[in-house]
Amino acid sequence: MIVLLKRDPEEKQLQNLLDWLRSLSLDVHISKGTNYTVLGLVGDTSTIDMELIQALDIVENVKRIQEPFKSCNRKFHPDDTVIELGGKPLGGGQFQIIAGPCSVESESQIVEVAHAVKAAGAVALRGGAFKPRSSPYSFQGLRDEGIRLLLLAKKASGLPVVTEIMDISQLPLFEEVDVIQVGARNMQNFELLKALGREKKPILLKRGLSSTIEEFLMSAEYIMASGNEEVILCERGIRTFETQTRNTLDLSAVPVLKKLTHLPVIIDPSHATGYAELVPSMSLAAAAAGADGLIVEVHNNPACALCDGMQSLTPETFARLAPQAKQVSALVREGGLL
Amino acid sequence: MIVLLKRDPEEKQLQNLLDWLRSLSLDVHISKGTNYTVLGLVGDTSTIDMELIQALDIVENVKRIQEPFKSCNRKFHPDDTVIELGGKPLGGGQFQIIAGPCSVESESQIVEVAHAVKAAGAVALRGGAFKPRSSPYSFQGLRDEGIRLLLLAKKASGLPVVTEIMDISQLPLFEEVDVIQVGARNMQNFELLKALGREKKPILLKRGLSSTIEEFLMSAEYIMASGNEEVILCERGIRTFETQTRNTLDLSAVPVLKKLTHLPVIIDPSHATGYAELVPSMSLAAAAAGADGLIVEVHNNPACALCDGMQSLTPETFARLAPQAKQVSALVREGGLL
Amino acid sequence: MIVLLKRDPEEKQLQNLLDWLRSLSLDVHISKGTNYTVLGLVGDTSTIDMELIQALDIVENVKRIQEPFKSCNRKFHPDDTVIELGGKPLGGGQFQIIAGPCSVESESQIVEVAHAVKAAGAVALRGGAFKPRSSPYSFQGLRDEGIRLLLLAKKASGLPVVTEIMDISQLPLFEEVDVIQVGARNMQNFELLKALGREKKPILLKRGLSSTIEEFLMSAEYIMASGNEEVILCERGIRTFETQTRNTLDLSAVPVLKKLTHLPVIIDPSHATGYAELVPSMSLAAAAAGADGLIVEVHNNPACALCDGMQSLTPETFARLAPQAKQVSALVREGGLL
Amino acid sequence: MIVLLKRDPEEKQLQNLLDWLRSLSLDVHISKGTNYTVLGLVGDTSTIDMELIQALDIVENVKRIQEPFKSCNRKFHPDDTVIELGGKPLGGGQFQIIAGPCSVESESQIVEVAHAVKAAGAVALRGGAFKPRSSPYSFQGLRDEGIRLLLLAKKASGLPVVTEIMDISQLPLFEEVDVIQVGARNMQNFELLKALGREKKPILLKRGLSSTIEEFLMSAEYIMASGNEEVILCERGIRTFETQTRNTLDLSAVPVLKKLTHLPVIIDPSHATGYAELVPSMSLAAAAAGADGLIVEVHNNPACALCDGMQSLTPETFARLAPQAKQVSALVREGGLL
């Protein structure tokens, strides 16, 4: 960490700062220029509250050199983390697809989709039971009953299941859930992250709509610092001024994350774009960018005319897309440039 | 609600849609043009899931006419909601200031600040016990102990207290807290909002970093739909590309909110800007924009050299600022243009 | 175009509006509901100034159904526009790469890079002579001399050249330039766009940093409405809150643009990301997303230690990347899902 | 400028960098830590191309200490620049208002508005002759004829006039124009800025829709570096995700700019918000934030039903607003906190 002091810092304040820094077991190198004094802090600065230093009267600016995250940092853990999903490896060069409907609606729906996505090559089934909706008047999911149906589909298909938690109090219902998803709106629900850090199963952490990549990794760090190292990072679009898509998929987050962290990185093209017609191209692009996998919405809808055309793919389109995405992933990995 | 259908909609799908809409007790007016068919839905459309309709194959676009919020909508409740804080009215032309430190640090600190801000004209004391921090390694607040100290300061000063909740499970600790704050990161923690809707005390709801004004109001609606009508809205800066300030204070949200809702609207210039030196101008601007009040960070720091210069004002600056802000508020209200 | 009127519009104002709309040769269908009156405008509404209508006292909202662009609209011109670059087709299923240095620096530099990128499969040479720089104290390009050197490289390599214009007055220097580039900062320099609309050569139009896709197409429309139909659209990153990349590459713009317009769409991964190490993954992702090509920075730098490591690829990396990108493009086109 | 080198920089590359830096007359202080080497550059670094250094293989990060702007920097010119508008001072504690219609439409219109805004206290008349419009099919302004009418209004009212230039080639028409406006879309039209730097009259420079404050000041620097020191900075809203207002007015830019530069700072509440009903509150807020003035749209519209309700104020509302804004400005200046 580099601390730039203002011109002619008040001597007593400077001494206070130096004493405090040294009390944190940091070595402090002082370099005085004509106009500025620079402090170089050596040691474990990841736990230092940068804002506290920035806030000091005598400080012009603070610049981290070391990243503020440790457990998820590739520098301290060069090898890719590989997470097993139903016996299949995600990460470390293995591209996998999670698929299923946005919401669990009925037993027949979720079981049917489970069979369909398994047949097309998905390694896990997604399906929402607790649905975060911006309006209190919108459908909030089947909740407990949704979890029950999802577990029926797990049993019927043999696929592990991924579903979203919205509050710590729901945790007992997730006992047989294989992967717990934290939604974008809860990415900085720190109490929830800490609680999930005490679980013994993978956490699929979605990036917040307006969260920086660093904040995203800090949220993964919350989970890992509490003891759970199985975190799957999921980019799902960020909020920008563009309105042609629901959000703007930030695919450059893939190579940036792969450089900064050893955790697997997957893409959710369905929520990112909001339109089924954009999902195939963004799925293929995600594979080409070096992502470790996808989480895609797939819906069968014989009965429900109201679900046509959403951001969900039909099982038929998904059955064509899944192998193509894997082929693209294999091709770029062979290419050796990523 | 206006639904634009695609050219030549498939007849069976159209009939499905019409049947479903009518099953929701809506009148449907069909207007056929040469190129497009437009459906006008009349009735209570606020509880309709617009995305479901948007998702239909035959639908080109859906446009709400009625806002999707009801309880907080000024159209259905033209008079300003006034919320009492320690016997003082907030809203309805009454400008009030809440002040206090970012974090509760010690009994002497919080009691001293309480006396100082009261003397300067604040009607309530703020102070954080549970602190949402992006890093798990940063100070997370004094938590239970922080609440205890805050309540001591309440007793000592007579000021009602405002403090942030981070999870439903903390609710029992908030029994004697006068106003419960929901932080920006939890603005769409819908389970928490529902739980707070069952409380009998005012909720200070902060706008999320990248939440639209409509989403902000929908979150207020979650609280109100669960039974608690005392919601104070707080704009505290949105995330943009600009880096000279921590966030970008969206002051035009004040007149927009005052038009759309009857709830009181206050401004947090401290978190919005991130720098104490910008707080006075943004406080005065907020008053001039027609806000109903401010929530400002004020810190006394004899003991703690490390807290100098943060986004907190000194009690001295606050004592000069508070009356000026009230004067500006009074001046613009007299002017009669807002 | 759909115009929603406010409840109980003032009769005289309504008549004024109807008269004016009819004077524009539009058919107006009036549909009165209990609460709202809706006007449906039929005819060529692309030339109507929507803001003028929106501004009326009696108007609640205006919604376009027809897009506001015509010449570049795929609805009126379903077939892909194909633009020839040195005898090679860009667009219509043909993936092509333009490459070269950010700035023309010397004859040997530009000629050498030209030979290198040609050998690797590029169909055109890019190189900046006029450089838009945010600081007046930064290198502004070799200007006239840069154009001269670029044309030498064209002659030596046989590659057509692409270079940026910054002002109409520079146009005479661009006589032998094959493709004129309009930079992101000039995307809404409408006088320049009109002047380029009178040229008889392809225009490579870059999307502005904070321009919506619709604004981007409207700028293409400016060129086309002035007579030049050869416009190549280039997405090069938009401005967001994320700081790990220079800008955020909006790859979903590719399928959105391909749907809305018949013009070719290429990607500039170098400016979008700002880091050479991110260019390969974003190039491959662009190909997988269905882009028609790339414009990539490539720099040889034996002499200039200062240019190492920029957003430019080395000729060696480019020689590996170019065929891989084409392979990915071919693979996804065969897949038939885009 | 502080340059952080990567761990173990290649010796030859380091020597190249040091030689180059010294060739620019900079003193280089080298400070070696265990993990990182830091170079401190002392001298005039404002003309150094930071990106070139950042681009080097051996460089981890570059951090400016000195701002990259000089002529507009308050550090080198502590006193407020005051610009005369028709004999009235703008800046240096003097709050002034520029007002007039968006577009010049006719002689009677512009002359009438001129008289009205003068009577209400405006010191200059604004009116657009060349109008940047996102659609080529929208009204582009009266152009040459608009300038002629504006000059008639100048003569009739005695008010100096402000109008926008869109291209260097229009400059001869601006001979009698008192203040030349550069619109948001042209803020980084660097050739235009250089040309205006050779003029001998004030330039009103609008902030780009997605320009940072630093980029805004660099554009002012372009004008000043070319010889014209009379630049008025105008914040007019930035592009964000919020859609309730046309743009998001960034009022915190006022105190930030007042700290960084000595140039006068004014606010355009009309374009920022896009709705007349939001203009009064944002005008008063701008005054309270410490702005040096306003530029407000005012339109008389007896004849033109189509202009009702736009972002323009009526002369009557303006006549009430102008004195209130001045009163607020005076009040906060007396307060002494800004």
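Here are a few things to note about the model shown:
By written order: A, B, C and D. Residues from 1 in each chain.
As a convention for this text, contacts are C-beta pairs under 8 Å (C-beta built on N, C-alpha and C of every residue); 3 or more make two chains touch, one makes a residue touch a chain.
This structure is a prediction, so every number in the text was calculated from the model and none was measured.
Interface of chain A with chain D: the two copies contact each other largely through the same residue positions, with over half of all numbers used appearing on both sides.
When chain centres are defined as mean Cα coordinates, D lies farthest from chain A. For the pair chain B and chain D, the distance between C-alpha centroids works out to 31 Å. One simple way to say how far apart two chains are is to compare their mean CA positions; for chain A and chain D this gives 40 Å. In whole angstrom, the spacing between the mean C-alpha positions of chain C and chain D is 27. Under the contact definition stated at the top, the residues of chain D that touch 2 or more other chains are 210, 239-241, 243.
Chain A makes touch with chain D in their complex at residues 2, 4, 27, 29, 31, 33-36, 38, 40, 42, 60-61, 63, 65, 239-241, 243.
Across the complex, chain C meets chain D through its residues 13, 16-17, 20, 46-49, 51-53, 55-57, 59, 68-69, 132-140, 166-170, 185-186, 188-192, 194, 209-210, 215, 218-219, 221-222, 225-226, 239, 305-311. In the complex of the two chains, the chain C residues touching chain A come out as 210, 212-214, 238, 240-245, 248-256, 259, 272-273, 277-278, 280-282, 284-290, 317, 320-321, 324, 327-328, 331-332, 335-338.
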